[in-house]
Amino acid sequence: MILVAFIAILMTGGIIAWIAASWSHSASRWISLVTLLVDFSLAISVWMNSSGLEWIEKFSVPWVPDFGISFSLALDGLSLLMLVLTFFLGIFGVLVSWNEIQERVGFFHFNLLWVLAGISGVFLTMDLFLFYFFWEVMLIPMYFLIGIWGHENKRYAAFKFFIFTQASGLLMLLAILGLYFVHKSNSGTGTFDYFQLLGTQIPLGTSRWLMLGFLAAFIVKLPVVPFHTWLPDAHSQAPTAGSLILAGLLLKTGAYGLIRFVVPLFPEASAELAPWAMLLGVVGILYGASLAFAQTDLKRLVAYTSVSHMGFVILGVFAFNQLAMQGVVMQMITHAISTGALFAIAGVLYERIHTRDILAMGGFWGKAPFMGVVTLIFVMASLGLPGLGNFVAEFLTLIGSWQANPMLTIFAAIGIVTATAYSLRIMQKVFLGKWQSEKAMPDLSLREKLIFIPLIVTIIWLGLFPQTVINTVKPMIDKQFKIEQPTSIQNNNGVQ
Amino acid sequence: MSLWLIPALPLLGAFVLIVFGQQLPKRLIPIIGSGSVGLSAALTFALGYRFISSSASSFHIKAWQWMDINGFSPAVAFHLDALSLVFIFVITFVGFLIHVYSAEFMVHDDGYARFFAYLNLFVCSMLTLVLADNFVLMYLGWEGVGLCSYLLIGFWYAEEKNGYAARKAFIVTRVGDISLAFGLFMLFQQFHTLNIQEVAAQAAQHWTVGSETALIISLLLLGGAVGKSAQLPLQTWLPDAMAGPSPVSALIHAATMVTAGVYLIARTHVIFELAPDALMIVGIIGAVTLVLAGFAALTQFDLKRVLAYSTISQIGYMFLALGVSAWSAAIFHFMIHAFFKALLFLAAGAVIESLHHEHDMFKMGGLKNKLPVVYWTFLIGAGSLAALPLITGGFYSKDQILWLSLAGEHGHIWFFLAALVGAFVTSVYTFRMMFLTFFGKENTPVGHVPGKGMNIPLIVLAILTTVGGFIELPHTFGHVTFFSDFLKPILPAVTMQEEMESFEWLIQLVAALVALSGVGVAYYFFIYKPDQADELKSSAADLHSFWLSGWGFDKLYDKLVVQPYVYLSNVNKNDVIDKLYESVVTVANWLNRILAYTQSGILRWYIMGIVIGGILLMALALI
Amino acid sequence: MQVSAEYGLLLASVLFTLGLIGVLVRRNIIFMLVCVEIMLNAAGLAFIVAGSKWTQADGQVMFIFILTMAAAEVSVGLALILQIYHQLKTLDGDAANSMKG
Amino acid sequence: MQIAFYIAAFVAVLSTVMVITRFNVIHALLYLVVSFMAMAVVFFILGAPFAAALEVIVYAGAIVVLIIFVIMMLNQKEEAVDQEKKWLTPSVYIGPAILSVLLLGELIYIIYEGESHTIGQQVVDVKEVGKTLYGPYILAVELSGMLLMAGIVGAYHLGRQKKKVTHRFLKQTED
Amino acid sequence: MEFSNINIVDVLPGIFLVTASVLAMLSIAIKRNHIFIFVVTTTSLMGVFLYLIFYASNHKFNVEPLFVIDGFGTFVTGLIVMSALAVSLLSYAYFEQREERKEEYYILLLLATLGSDILVISKHFVSFFLGLEILSISLYAMVAYLRKRNKSDEAGLKYLILAAFSSAFLLFGMALVYSASGSMDFSGIASYVASNPTLPLPLFAGMCLLVVGIGFKLGVVPFHMWAPDVYEGAPAPVAAFIASISKGGMIVLLVRFFDQINGFQYPVLVLAFACIAVASMFIGNILAIQQTNVKRILAYSSIAHMGYIFVAFLAGGELGKEAVSFYLVAYFLTIIGTFGVIAILSDHDRDAELLDDYKGLFWRHPKIAMVMTAMLLSLAGIPLTAGFVGKFYLITSGANAQLWWLVIVLVVSSVIGLYYYIRIIAMMFEKMEGTDELALHPRLYLINLITLVVISVLIIFYGVYPQGLIDRIRDFLY
C-alpha cells in the first residue's frame, strides 16, 4: 500500500495545492513542500528498513482484467533510489520556484506534483501498460510547466518536447503490444505483467523489432544523439523547476527503462545491439560536449552537457557488467543532482540579471563568492572530479565499458577532456573575468542556500561514500546478471 | 597511527577557510592556513622518525571502504613507505614554508582566505596522491591537485589571460589524466585489483620482461605522468601557469605537483621495468624535454617563465633518470629541485613584488644591494640550479643523473650528451637571469622590501638547498648513500655498466666544467659585452622567437587541436541534427500546402475528388 | 418484350455518366441539381432493370423510394438555391467558395 | 419490341445530352422532360408499368415543374444565357469528360463481364408492387414519410422569407 | 397492411423518435415555444436511452426484411441517442441567442437521429438508403439552418449537392449489387457471395460504388473534401452532430455489411479499405497542421479519426468490434465536447472558430480552457482520457490482426496529429491579460457548462477506469 501512497500523496497534494492557491499563494507553496517532505521521509524510512531482498515491496490490483492489465507496483533497489531522488529533487523544485513563479501558482504546483507523481509511477510500476500510462502522464504536466511558465521561446520548446516524447512513446506502445501478443500466443494468456513477460521466448527477429520499439522511447528520453534535439530547447525554455525535473528526473526515466525493460526483456537482441548502442553513447558524449562548448545560453549549455553525460548511461548499460551498471545507476543519481544544481544556479542568476547569456556575465565571484563556490563544486562534479559523485559514476562506467569495448571507451573518455573544456567555460564566463555590470548582484539568500547546501552535501557524500547506493541496487543488478549476462566477462588474469 | 591526519589537517583547514573565510578576522587566516600544514609537517617529522626507527617497511591505514563492487574495491586507505615519506616530507615542509611566505606575500589581496583555502586543499590532495594505497584514491589526489592548480593559476580571476592559462593547465593535464585512467582500466582488467602493492606483486608474478601488456600499460601511465609533469608533448601548460601568484608557482609548479609524474613512474617502477621499451621512451622524453626546455628558457624575458622552462627542463632530468632506472637519483633530484626551485620562485616572487609586479628581466637590474637577502638566497638557488660544483646540492643530484645516464644499465651516450648540453644551457640561462636581475644598473625603482615573513622561508630553503645535497654523495667524493639506502626497500639500486666505473671522476669533472663555462658565457654576454647578446639575438631572430615561444608547441596545438575544435563547435552551434528534424517539419508543411490547395472551396472540384476516388476504387476492382 | 439486361444497365450507365458530366461541367447550381437528378434517375433505371431481371417488385419499390428522396431533395435544394441567390445574387456554384484551405 | 427499346434509349440519351449542353435553363428542362418520357417508355418495355407511370407523374411532372417555378422566381434574364456560354468552355469540360468517360468505360467493361440475361419477359404489375410495398416494406414506407417530413420542414425553414428577430438578451447590446 | 410479423416493441426507439418529431411539429403549429420543444426533444431522447438501458434485449433477432436488432446495434443506438441528447443540450443556448426560428431545428435533429438510428439497425438496402437519406435531408437544412450566415448557406449547398451526388453513386452501386445477386438483403447478398468462389465483378464494382457513398458520409479520403467546408459553415452543434452521430450509424452499417459478406476474405477489398484508411490518417492529419480555423481543424481531425477506426474495422473479429464501439464512445464524447466549447464561446455573429479566439483562454475562462484541454488531449490520445484507451484499443485490435503496417501508420500519423492539438492548447495557455464576459446569458451558460463538465468527467473516467465501459460493451456485443 505504501507504494500507492507515494503516488496518491503527490496527486492529492497537487490538487490541494491548486485549490489552496485561490486562498493564498504561499499556502500552495507550503502544501507542495510539505507533500514532498512527507513522501521523501516515507521513502527514506522504506530505505532504512529495506532488507537486502531484491523486491522490497509489491502491490497489485486488477485494473482492466480483460486485457490482463493490472495496477501493479513494485519496489526494488533501483526504483527505491530513483524514488528517493524524485522526492529529493522535488523538494528543490518547489524551493527554486518559491519566488520565480508568481502567476497561477496553484496550477503550477499542481503540475509540478503531478509530474513527480507520473515519474514515481514510472519508477514503480511493473505492468507494461501502466508503465506506458505513467510514461505519458508525466508529459502533460511537464508540457504545461514549459508551455506556461517557460521563457521567451516556450511554445516551440514545449511542442518539440511533447512531440518527440510522444512519438517515441507510441513506438514503445506498439512494442509493448507486440510483446503482449507474443506472450499471448506462447502461453495463451494475455498479460502486461512485467514478471510474467520477463521470460517470454521471442524469436530473435521479432525480438529485434520489439526491442527497437522500447529503445526508441528510452533513447529519445535519455536522450541519445541523434534524438536529442528536443532537450536543449525544452531545458533552456523551462522554468527553473522544470529544467531541474527534466534534467534530474525525466531523463532518468529513459535510463531506468533501459535497465528495467530493454535489457531484461530482450537479452539476445540487446546483446546484439550492444556495440551500436555503445557507439551511440560515445557519439553522444562527444557530440554533446562539443555543442555544449559552443553555447552562449547558460541553460542551453547545461542542457547539452546532459546529452553528453547521458551518453555514459547508454554506454554503461550496454557494457553488460556489474561495474558499468553500478556506474550507470550512480550516474543517474549524481547527474540528477549536479545538473539540477546547475540549472538552479542558472535560475538564480536569471532572477538577478534577467539573462541567460553567458557573454553578458562575468566576474560574479567578486560579488557573490558563495554562489561561486557552489557553482564551482557542481561544475567540478560535471567534469567528473574525484571526490564528487559524478566521478564514481563515470569511473565505474568507464572501467566497466573498458572490459566490454576498450576502443569505444577511449573515445568516451575523451569526453572527459571535452567536459573539462565546457565546464571550465561556464566558470570562466560567469564567475571569473571582469565584473561587467553595474547591477547589484546579491549573494545567495537563505532559501537559496537551503537549496544548494543539501545538494552539495549529497554530491560529496555520494562521491566519498557511494557504497550505500551500491548496496541498495546490488540485489537487483546481481539478479540481472545472473539471468541474462550474454557473454561472461573474461576474467583474464593470465600472462599475455 | 595518525597517518590519516596528515592529509586531513590541511583539508580541515581548507574547509574552515572556505566556509568561514568571509567572517574570519584577517589575522586568523594565515594561522589556520599555515598552521594546518605546519601541523602536518610536524606530524610528518614525527611519523618519519617512527618509520625510520621501526623496522616496518610500510605503515598502512584504512579509513573506510570507498566502493566495493564485485572485486572492485578501492578503499580510502593510506600507505606510507620510504618513497611516500620523502614526498610527504617535501610536500608538508616546503609547503609549510611557502604558506609562511604567503602569509606576508598575499596579505593585501582580497582573496586572502580563498588563497589559503586553495593552498590547503592542494596540500591535502597532493598528500592523498602520494599516500594513496590504491590507484583510484591516487587518481583522486591526482585530479585534486589539478583542480587546485587550476584554481590557483586563475587566482586573480579578473584577468582574462589568467583564466585562460588556468583552463589550459587543467585541460592539458587532463589529457594526460585520461591516459592514466586507461592505464588503470587495463590494470584492473588484468589483475582485478587496483591496489598498488597488489598490482606490483601481481605484475612481477604474471608478466615477463618485455610483455606487450606491460608496455601498453606503462605507456598509458607515462601519458599521465607527462601531462602532470609538463613533459613533452604535454609541457605547454606550465609556462602559462606562471600567471598564478609566485608562492603557487613555487609550491605547485615547481616543488610538488609537477613531480607527481615522477612519483607515479617511481611508484609503478615494477611495471616499467617489465617494459624496457617504455623505460627507454621515458628516458628519451626526459632527454628531449630537458634540452628543448633549456633552450626555450634561454630566450625568455619574463623572470618566472625562465623558471618555468627551467622546471620543465629539470623534471626532464628526473625523467631521464627514471628512464635509465636510476630511481633514487630521480627522487633525489626531485627533492633537491623542490628546495631550490621553490627558493628561486619565492625569491623571484619577492623581486617581482618589490618591483611593482614587473616580470620583465630586462627592466630589472641592480637589485643586488637593494634586496640583499633575496639576492643571496637567489644566488644559492641559482647555483644549485646551474649545478655549480661541490658547494651546491644541485650539483650532487644532477651529477648523479649525468653519470648514470651514461653508466647506468640502460644508459646511453646520447642521454649523456643531452644531459650535458642541458647542463650547459641551464647554467647559461640561470646566470643570464641572475645577471640581468641583480647586476647592472637599476631600471625600475624598488618599492616594497620583503619582511621577515618572506625572508625566513627563503633562508631556510637556501640552507636546505645547500645541505640537502650532502646526504647523497658520489663514490668519488665521500660516497654517502644515505638517501638511496633509505629508498632501497622500495626502489632498487641502479645496476652499472661495469666498464664505466673508472670514468666517474672524469664525468664529474666535465660536468663541473660545463656548469662553470655556462656561467662564463652568461657573464660574457650579459655583463661583459651586453651588445653581443643583442647582436646575437638579432642575427638569429627567427630562432630566438621560435625558442621564445617554446619551440612553437603552443601554436602547433592551437592550429591542430584547439582551433579546429572551437571552429567545429561554433559552426555546429545550432546543431545540424536539429536542422534534420526541422526539415521534417518543412516537408510536412510543404505537403500541407499542397493538400490545402485541393481544399479549394470550389464545389465542382470536390465532386471531381469523389469521382476520382470512385474511378480508382473501380480500377482496383478491375485489377 | 425481350431486352438483354446488359443493355438496360448500359443505358443506365450512359445516363449516369451524362449526369456526372453535367454536374462536373456546369457552374450553374440549378444545372448541377438537375444533373444530379439525372444521375438519380439513372440509378433508378438500374434498379428497374435489376428488378425485371429477377422479376421482383423490389426494384420498383426501390425506384419509388428514390423518387421520394429526389422530390424531397429537390425541394430542399431549391429552397437553398433561393437563399444563395438572395445572398450572392448569382447562381454560380464556383462563387460559393468563401471557405477553403 | 427490341427496336422500341433502342429508340427509347436513343431518345433518352440524346435528350440528356441536350440537357447538359443547353445554355438556357428552360430549354434544358424541356429536354429533361423528353428524357424522362423516354425513360418511362424504357420502364414500360422492361416490364415495370407502374414505375413508368410514376416517372412521368413525379419526375416529368412534379419535379420539373418545381424547378421551373423556382427559375421563374429567380427571374433569369438573357445575360444568364451569355454567362452560361462563357462558363462552358473546352478547358472546363475536357477534364471532367475524360474522367466520366473513364468511369463509363469501367462500368461498361464490368457490365459486360457479368453473365448475360434476358429481361422484360414478365411484367411486374402494380398489384405486385403494391403488395410488396405494403407488405415487407411497410416500415420503409413509414420511413419515407419521415423522409418527406424532413424535406418539408427543411424546405420550409430555408425557403421562408427573412424576418429579423431580436433576442431579448441581445436588445441592450444592439442599438 | 401486414404488421403481423413486426413486434412493435422491437423498433420502439425509432417509433419514439418519430413520435417525438411529429409531436414537436404539432406543437409548432399550435404555438412556438423554444423551451417546450427543447424539453420534448430532450425527454424523448432520454426516454429512448432509458428504454435501451432497461428493456433492450441483448439477444439478436431480425425484423424482416429491413432491420436487425442486435447488441452492437443497440449499443450504438444508445450512444447515438445520448450524443443527440448532448447535442441538443448544447444547442439550446446556442440557438437561443441567435436571431432565427429555433423550433424546426429540433424536428430536424430528431429526424436526423432517427436516420442514423435506422442506419445502425438496417440489414437491407432499402432501409440503408432511407436511413441515410433521412439523415442527409435533415442535415441539409440543419447545416444551412442559420440563414443569415453566408457560410451556413454555402455549406448547406455544398453538402446537399455532394451528398445527393454521392447518393447517386451509392444507389447505382446498390443497383449493380442487386442486379448481380438478386437480393437487397445483406444476408441474401452474403449467401450469394458465399455460393461464388470468387467475387463476381459486377458485384464487386457495385460494392466499390457503395463505398463511394459510404466513404462520403464518413468523410474519408478521397471523399473527404466537403468536411472542412461544411464543418466550418455549419452551426457548432450541427457540426458536432455531423462529426459524430451521422458517422456513427454509417460505421455500424459498414461493419455489419462487411461482416455479413465476410469481406475479410477478399484481399482486394481489404486493400481498398486499407488504402482509404492510410490516406485518411495521413491526409487528414497533414491538412490540419497549418490550419487556423478550429472547426476546420476538427474536420480534418475527424477525417483522420475515421481512418483510425478503419484500422479496427479491418482488424475485424470481436476485438475489432469492441474497439470500434469503444472508440466511437470516446470519439463521440470528445468531438461533441469540443464543439460544445466552440458553441459556448461563440457570440451571436460568428462562431468562435479562429485559433485567435482561443488565445489566452486559460487566463480568461480557466474552466472552459480545462475542458477544452481535456477534449483535445483525448483527441490526441493522451493517457488519462478516453481517447487514449480508445486508441489503445484500436492499436490492440490492429496488432492482434497482424495489421502492423496500418498500426504503424496510425501511430506515425497520430504524431502528426499531436502537433495541431497541442497548437490549440498552446494557444489557450498563451499569456493574456484581462477577462472578457461570455456572450451567453449566465443561466444558459450553466446548462452548457454542466453538459461539458459531465462530458469531460466521462472522458477522464473512461480514461482511468475503462473496464466499466468495456464490460458494458461486452454485455451488449455477446
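Annotations for the structure displayed:
By written order: A, B, C, D and E. Residues from 1 in each chain.
Note that a residue touches a chain if its C-beta (ideal position, glycine included) is under 8 Å from a C-beta of that chain, and two chains touch if they have at least 3 such contacts.
Here the structure is a predicted model, which means the values were calculated and not measured.
Listed here as common contacts of subunit A and subunit C: B, E. Looking at subunit A and subunit B, the chains in contact with each of them are E.
Among all pairs of chains, C-D has the largest number of C-beta pairs in contact. Here the chain at the heart of the shown protein, by mean C-alpha position, is A. Averaged Cα coordinates give subunit B a centre that lies 100 Å from the centre of subunit D. Per-chain Cα centroids separate subunit C from subunit E by 26 Å. Once the centre of each chain is set as its mean CA position, subunit A and subunit E turn out to be 43 Å apart. Remark: subunit B and subunit C have CA centroids separated by 96 Å (rounded to whole angstrom).
The residues of subunit C that reach two or more other chains are 5, 9, 16, 19-20, 23-25, 27, 32-33, 44, 49, 51, 53, 56, 58-59, 61, 65, 69, 72-73, 76, 80-81, 83, 93, 96-101, listed in rising order. For subunit E, residues touching at least two other chains, in rising order: 126, 130, 133, 137, 140-141, 144, 147, 156-158, 161, 165, 176, 179, 201, 205, 228-229, 291.
Shared contact sites, meaning residues of subunit A that touch two or more other chains, are absent. Contact annotation for chain pairs lists A-B, A-E, B-C, B-D, B-E, C-D, C-E, D-E, with touch applied as defined.
Those residues of subunit B whose C-beta lies close enough to touch subunit D in the complex are 604, 608, 611-612, 614-615, 618-619, 621-622. Those residues of subunit B whose C-beta lies close enough to touch subunit A in the complex are 18, 22, 64-70, 72, 76, 110, 114, 136, 139-140, 142-144, 147, 150-151, 154, 157-158, 160, 163, 166-167, 170-171, 174-175, 177-178, 181-182, 184-186, 188-192, 202, 206-208, 211-213, 565-566, 568-570, 572-573, 575, 577-578, 580-581. Of all the residues in subunit A, the ones that touch subunit B in their complex are 225-226, 228-229, 232, 290-291, 293-295, 322-323, 326, 363, 365-366, 369, 373, 376, 380, 385-387, 391-392, 395-396, 398-399, 402-403, 406, 409-410, 413-414, 416-418, 420-421, 424-425, 428, 431-435, 464-467, 470, 474, 491-496. Every residue of subunit D that touches subunit C in the complex is listed here, in rising order: 1-2, 4-5, 9, 12-13, 16-17, 19-20, 25, 28-29, 32, 35-36, 39, 42-43, 45-48, 50-51, 54-55, 58-59, 62-63, 66-67, 70-71, 73-74, 76, 80, 83-84, 87-88, 92-93, 95-97, 99-101, 103-104, 107-108, 111-112, 114, 116-122, 124, 128-129, 131-133, 137, 140, 144, 147-148, 150-152, 154-156, 158-159.
Subunit A meets subunit E in the complex at residues 63-67, 129, 132-134, 136-137, 139-140, 143-144, 147-148, 155, 158-159, 162-163, 166-167, 170-171, 173-174, 177-178, 180-181.
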